[in-house]
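If you scroll down you'll find the structure; I have some questions about it.
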Amino acid sequence: MNGIASLQVGEPVDHYLLIKQATKGVTTMGKPFMTLILQDKSGSIEAKLWDTGEEHEKLYQSEGIVRVGGEIHDYRGKAQLRIKAIRPVANDEGVSVVDLVPSAETPKEELYEQLMQFFFEIKNPQISRITRHILKENQDEVMTFPAATKNHHDYASGLLDHVVSMLKLGRAIADLYPTLNKDLLYAGIILHDIGKVVELSGPVATSYTVTGNMLGHISIMVTEIAKAADTLQIEGEEVMLLQHMVLSHHGKEEWGSPKKPMLQEAEMLHYIDNIDAKMNMLTRALGKTVPGEFTERLFPLDNRSFYKPTID
Amino acid sequence: MNGIASLQVGEPVDHYLLIKQATKGVTTMGKPFMTLILQDKSGSIEAKLWDTGEEHEKLYQSEGIVRVGGEIHDYRGKAQLRIKAIRPVANDEGVSVVDLVPSAETPKEELYEQLMQFFFEIKNPQISRITRHILKENQDEVMTFPAATKNHHDYASGLLDHVVSMLKLGRAIADLYPTLNKDLLYAGIILHDIGKVVELSGPVATSYTVTGNMLGHISIMVTEIAKAADTLQIEGEEVMLLQHMVLSHHGKEEWGSPKKPMLQEAEMLHYIDNIDAKMNMLTRALGKTVPGEFTERLFPLDNRSFYKPTID
Amino acid sequence: MNGIASLQVGEPVDHYLLIKQATKGVTTMGKPFMTLILQDKSGSIEAKLWDTGEEHEKLYQSEGIVRVGGEIHDYRGKAQLRIKAIRPVANDEGVSVVDLVPSAETPKEELYEQLMQFFFEIKNPQISRITRHILKENQDEVMTFPAATKNHHDYASGLLDHVVSMLKLGRAIADLYPTLNKDLLYAGIILHDIGKVVELSGPVATSYTVTGNMLGHISIMVTEIAKAADTLQIEGEEVMLLQHMVLSHHGKEEWGSPKKPMLQEAEMLHYIDNIDAKMNMLTRALGKTVPGEFTERLFPLDNRSFYKPTID
Amino acid sequence: MNGIASLQVGEPVDHYLLIKQATKGVTTMGKPFMTLILQDKSGSIEAKLWDTGEEHEKLYQSEGIVRVGGEIHDYRGKAQLRIKAIRPVANDEGVSVVDLVPSAETPKEELYEQLMQFFFEIKNPQISRITRHILKENQDEVMTFPAATKNHHDYASGLLDHVVSMLKLGRAIADLYPTLNKDLLYAGIILHDIGKVVELSGPVATSYTVTGNMLGHISIMVTEIAKAADTLQIEGEEVMLLQHMVLSHHGKEEWGSPKKPMLQEAEMLHYIDNIDAKMNMLTRALGKTVPGEFTERLFPLDNRSFYKPTID
Amino acid sequence: MNGIASLQVGEPVDHYLLIKQATKGVTTMGKPFMTLILQDKSGSIEAKLWDTGEEHEKLYQSEGIVRVGGEIHDYRGKAQLRIKAIRPVANDEGVSVVDLVPSAETPKEELYEQLMQFFFEIKNPQISRITRHILKENQDEVMTFPAATKNHHDYASGLLDHVVSMLKLGRAIADLYPTLNKDLLYAGIILHDIGKVVELSGPVATSYTVTGNMLGHISIMVTEIAKAADTLQIEGEEVMLLQHMVLSHHGKEEWGSPKKPMLQEAEMLHYIDNIDAKMNMLTRALGKTVPGEFTERLFPLDNRSFYKPTID
Amino acid sequence: MNGIASLQVGEPVDHYLLIKQATKGVTTMGKPFMTLILQDKSGSIEAKLWDTGEEHEKLYQSEGIVRVGGEIHDYRGKAQLRIKAIRPVANDEGVSVVDLVPSAETPKEELYEQLMQFFFEIKNPQISRITRHILKENQDEVMTFPAATKNHHDYASGLLDHVVSMLKLGRAIADLYPTLNKDLLYAGIILHDIGKVVELSGPVATSYTVTGNMLGHISIMVTEIAKAADTLQIEGEEVMLLQHMVLSHHGKEEWGSPKKPMLQEAEMLHYIDNIDAKMNMLTRALGKTVPGEFTERLFPLDNRSFYKPTID
């Protein structure tokens, strides 16, 4: 059965769906209704539930799973689900949240295995030990968290997917520019976003935690590196270099890095992070666009639309 | 005897002076010479040493102390010292570096005592313990370091002077706006710049350390707070709140804070820091200006000149 | 009886309310209705009046007073008043507009008395005379006008409330930085926003006047100072200094000051104005927020949300 | 005899010259000398006077007139005057400062006459009376002041030259866009820069006055219009409109206008002012450039160089 | 009969109208409807068609012509057309699209004739030949295209109207500043926007073409000039100068010119383009505003509102 | 023999050198001298020639070759060449300019061969034909020109070196992100900077041509692509796509691209260009820096200094 986000207007719906968001509303005539954002692995869709009361608000809450019958229709140019039947799912139906959230295409175990292959190439013992320590402490979260709440790699295991993709790009670039220190670059790529496992709430219905809002994943990880070095009784320039790699990876102060990159590996980490995030967005947006047309506007790419050529 | 920076053109010089900076040069005709920046507590002055050789370069190095005879003359509108006699000072002459660097007007012991009075007002035990721990670990440096390499509070014990002045202002403001949490505000003021004891090299000939350049005093102190909390086995919101106070005190990302203030006390800390730094610069600049004239341009104040009125 | 803005969803309403704004509308089905913004001292709330005609539009106009019965309900997460009964208020019911607009907590007479205490501390006769002249000419408006149409001190006597609060802060700061000239600072604080009595329309349903839009309160007051000096036959630097204090109090050209501050007192006036405005907004926003949550976004504070800690 | 600024390297000098600036210096070997900026109507040139003493400093001060013999030579690519003989000019030699400062090509009386022709076209009596009043009060200064200290119309009667040129342009444009109110536009052009007669020190060795620095010509003139209206007992929109024309003529807050233009005539005044200033600079710079080359960089034109084509 | 955009609320409608835009919608209750933007020469108005089906969607498509009966009513402060009767127009009713789109007031033939008068003043043969070649190749489009999709000269023959108006302004300015080369200026004005005949889709329901989006009218025309010169076998500086005129006419890189103006004629072309576009917008906006009021906000004029004075 | 730029202070000089720049000067005492910038493949050094006359100015002009004897000494912290003997080189000494200018490490023939390997991978016949046509027309210049006058790849064959390095990076990236069209990406990389062969003057003493200044290499190449397509009678989207690749490769309007990238390949071209330019600068700067120190400030990298770690 096709995913909910790939159905065309007019197609029937009979799907298990996760309630991503549930909001109450009142029509201009004063009648209560609910707006549900429903999702499966393919994406999400909006639906309205009319003439709702308190019992509906209890039954249909965020992060609940429902079985929905209905039809796709067009509302102001966007697909919407017209609900004909809806009911909460029973425990014995064997449907769980992870079946209904988008996730990396490659299984997370395989991605982690790939990450470890790069990790094993790190030769400097201080860099290697600090990196391993932090990876171990956060292994579960690193394997399941998204890299962001939206825009790029915003799905389960998105963080890991992003890091592995960056490592591949990092190796290709370091092979071309041999003055780059691979130890620093690989460790920087692995560690740079792990602070997100504290900054974000988790793989489902992802939001920012209070600590995430107040400190940010950069400062969280800079602190973690210092603590790891203390625990492992490591001193020396490596600690500061790794902190700087993480600290500066947003590239500019106005993008949240308290220092601009001052290592060539830090400069490159910033480029690699940027390229991988942008390519993830572009590939997704162009995948939804027919040749000869422009994509929707992509906010993090200066709100640009991209053209999909008609040539092969 | 008047300080070197307060002498008028034509006045004789016979002073102990500290070499702040020593640079070699060659005249347009190819003759070698040295430019010395010499200082005592009153400030600094430039001097030239003509026809110098290797032996002079060894004798007269940065941070050495010399006895100089000569006269003040005018060079392109600026006072310069014309050296008639110069010799390195012997150890038994009893002149030490601290006698020749500018420092806070109030003795550092007295300033520290004032700081502790404010500290004792902090009631929240977690905030108090973390603050005390960090103060203790860095007491010597906190008592002697400047707050900056130039512009404001750029003298021995300038950091302490700045903090005490900010605490006084903080108390006055918290009395007027009672929703402010004094514990957070005082601890934030005390801790906000202590990272400078790692960022800067020390009270004499102050420069940035490599770690200072690469991490910055903000990230250094955010890390220190986390470590202190670990050592003291303190958990809870206070740790994060103190980290945020320090993290955000520059007020904006482009000024080096990875997060803007999101606590009213953090917002106020930023204002207080700004006011005390600016008033320190303005008071100094206006002190050197006669009524009816403008000060020199002050770079950190948008390069403005300020007018000194002729009215009482 | 609780004010309209402090009622919870479900609570009944039987209040005298002022119509702050009345707008006509048509439902998507073509039926006419009216949207009323109704207020009392506690704040304002939105209400809909369905199936309205010309007679309703005449009865329920902006600045009219009504007696409303109904109930608070929730509309898209915001409280709304569901009107069950509404009628215009008769003259003999003894309700007047001033009973229904928010105003400073301290009575305006008391605030004015406090302002005068500061005024009497001004020693320079020229500064004192100009300030008194302008205060006298505008006393009624100074006592009743808000300081702004929204954001901060946007209530009756808000201008006076703001000025008195700034004077208190000004005294505390001038005590700590004794090079500040108190005469200039106090007069600057008193005069800086009086141009708003021309710029704004008045304490109720405040909007910008044409002259306010075209000239702005800064230029209006700079002109008034010159006229006052002419009338009082005062010459000398004080006139220019006061004009500069007012001229520069927005701190930067892009914020509407044709000159940046070039007096230390003008620089300080800008800081004090900023702190008092921001604290007014923050106190209000945090007052509506529960501990552990963030405030709504505050546009004039860079659109930030502020966190309300859970510690005491 | 050719003016000093048009002589080539190697040509002899025997000229009356005005000392625009006189500064003392010391050679790297400690010998005193003076740097003189000398000018006549054609422009200015630098000269050195070697081995000078106190008597020279008294004889050759800024704004003094001298008779100089010597030769033009090249110093680092710029023409310099090598002085062979110099003496102060006696009163009976009949040379006065006005003979030696650059000025508008058209005599100032003729320019003023042209201005008045435009003035007489103003029909609105309020606008006409206010404009005439201010013109009369400042007639001498309007006829002699420059429009700026540098960049454009920075010569005696430059202000008047600029205003007349703008009036011509204003008429041409108003003829093409008939919705423009000529009364407002002409009066705006005439008044917009008259505040410069207070802001600047005068036609020779022009600098900013203290009042000019602190208030700026815009606020000075806005105040003058209000005073003129008071004196003439004129009320009504015209006063505010004229104030707005002057207030907004820099076009943007960051360029010193406390309000952006909100009248189409004010918008046009800003364009006309800009065009006339830029054309004055461009014509001058291109006049000094040979075809096929670029002009020097012009700072107020975004530091651009302009190309002078080789075609007719 | 008055145009659709000039009717008042309550007035009856019985007009031929062009469907500028047709969009489907669904009411909050799930009923389908259509929103039509209908226009004639006077402007456009919104209308709703309720309970529509597939047959309506076919009958009433963008660029179709309809006969509509109904009435003007007020919807949220904006005029809306309440449709009582609507039908597609038959071919034999003699109504064509050009009768229903706004266009320049002067007939396009007359405007073109005026343009040619200016063209004939160009003396330089190279400039003249290139300009004539491009004009000829694009004559039909130049005569009918708008200058933009919105904001200014956004009507049939708007491009030509804009160019002729600019030529008149150009002549007036070149007469006042005689160093300007009229050949370059006139040719630059004529050519600067012709690239729009490729960038835009045409005079009706104007949108951007794919090529327009990807290359822009500036690069399109720079290329055309090079091709014309090749075809005409013209070499020499004129080609490059004309390319530069077109290239730089947006004035700044951030406004889409890859080079800033480096010819005084290019600088002036930018000013003239700007003035004519802004005056077109201002005249239109003020025409719809009553004296004593402000216009709507004008986005391309920094989102300002302009005041319409009450004086004559 | 070591290159001139790698000699230490005190080492003797007996080298053939190219005069990169020759400027006349006068000492403060009025004596004429010349400043020569002399270079060989290793870099350049400054030298002074004292007491020079017209005959020296003729003998020692820019782009001449000289034989120089002397010694390296230190002038204000920079190496300078003290000339003891100098003479112009005779034709029969067999020294030519190309022996004395820095150039790519790999021979240009080999680089071109590598470029062609990538070229042959282009499958789309339109893209391939246009690219080959332009390459052929400019082959000599493409093989010898630098990519810039300074900062990166600013040596003979620097353009080719840059392009080949970008092609390698492009292949590595396209292998990782398979949605990228390799034909477009390779052709874009090959063509993007070929306009520099018109924009710049050549491989020696490189400067901007007039056409380069006025049009820029982007517009020059966009035009060339159109002409090539005309010549080859190619129509279709490929022409526009290639033009867009070149047009947008600076990434933003303010960096000289009239359109931002709207193809994913164009976005990637911009990243690749940036990375290769930055790595070229960083590698060079770090090569001159000892571990534990910072590089000089690098202007195109936001004026940052980069740290060279002490770890392996």
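Note that the chains take the letters A, B, C, D, E and F in the order they are written out, and that residue 1 is the start of every chain.
Throughout what follows, a contact is a pair of C-beta atoms (placed from the backbone, for glycine too) under 8 Å apart; a residue touches a chain by one contact, two chains touch by 3 or more.
Since we're looking at a predicted model, the values are computed, not measured.
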TODO: Using the touch definition from the top, list the chains contacting both chain A and chain B.
DONE: C, F
Open item on the list: I want to confirm something about chain B and chain C. Since they are copies of the same sequence, is their interface symmetric in residue numbering (over half shared, so same) or not (under half, so different)?
Closed with: same
Task: Relative orientation of copies chain B and chain E, as a Cα rotation angle in degrees, nearest 5 - done: 180
TODO: Please report how many Å separate the Cα centroid of chain D from that of chain E, as a whole number.
DONE: 41
Task: Intercentroid distance (Cα basis), chain E paired with chain C, Å - done: 44
Open item on the list: Taking the mean of the C-alpha atoms as each chain's centre, how many Å separate chain A from chain D?
Closed with: 61
Task: Residues within chain B bordering two or more other chains - done: 28, 210, 213-214, 241, 262, 294, 307
TODO: Specify the contact topology among the chains shown, as one of line, ring, star, complete or other.
DONE: other
- [ ] Let me know each pair of chains that touch one another.
- [x] A-B, A-C, A-E, A-F, B-C, B-D, B-F, C-D, C-E, D-E, D-F, E-F
Open item on the list: Quick check on the complex: what are the chain F residues that touch chain D?
Closed with: 23-26, 28-30, 210, 213-214
TODO: Report the residues of chain E in contact with chain D in the complex, numbered from low to high.
DONE: 124, 165, 168-169, 172-173, 175-177, 179, 181, 184, 236-238, 241, 260-264, 267-268, 271, 274-275, 278-279, 282-283, 286-287, 294, 301-302, 304-307, 309-312
- [ ] Show which residues of chain C lie in contact with chain A when the two form their complex.
- [x] 27-28, 33, 48, 50, 73-77, 82, 292, 294, 307
Task: Residues of chain C defined as touching chain D within the complex - done: 210-211, 213-216, 218-219, 222-223, 226-227, 230, 240-241, 243-244, 247, 253-259, 262
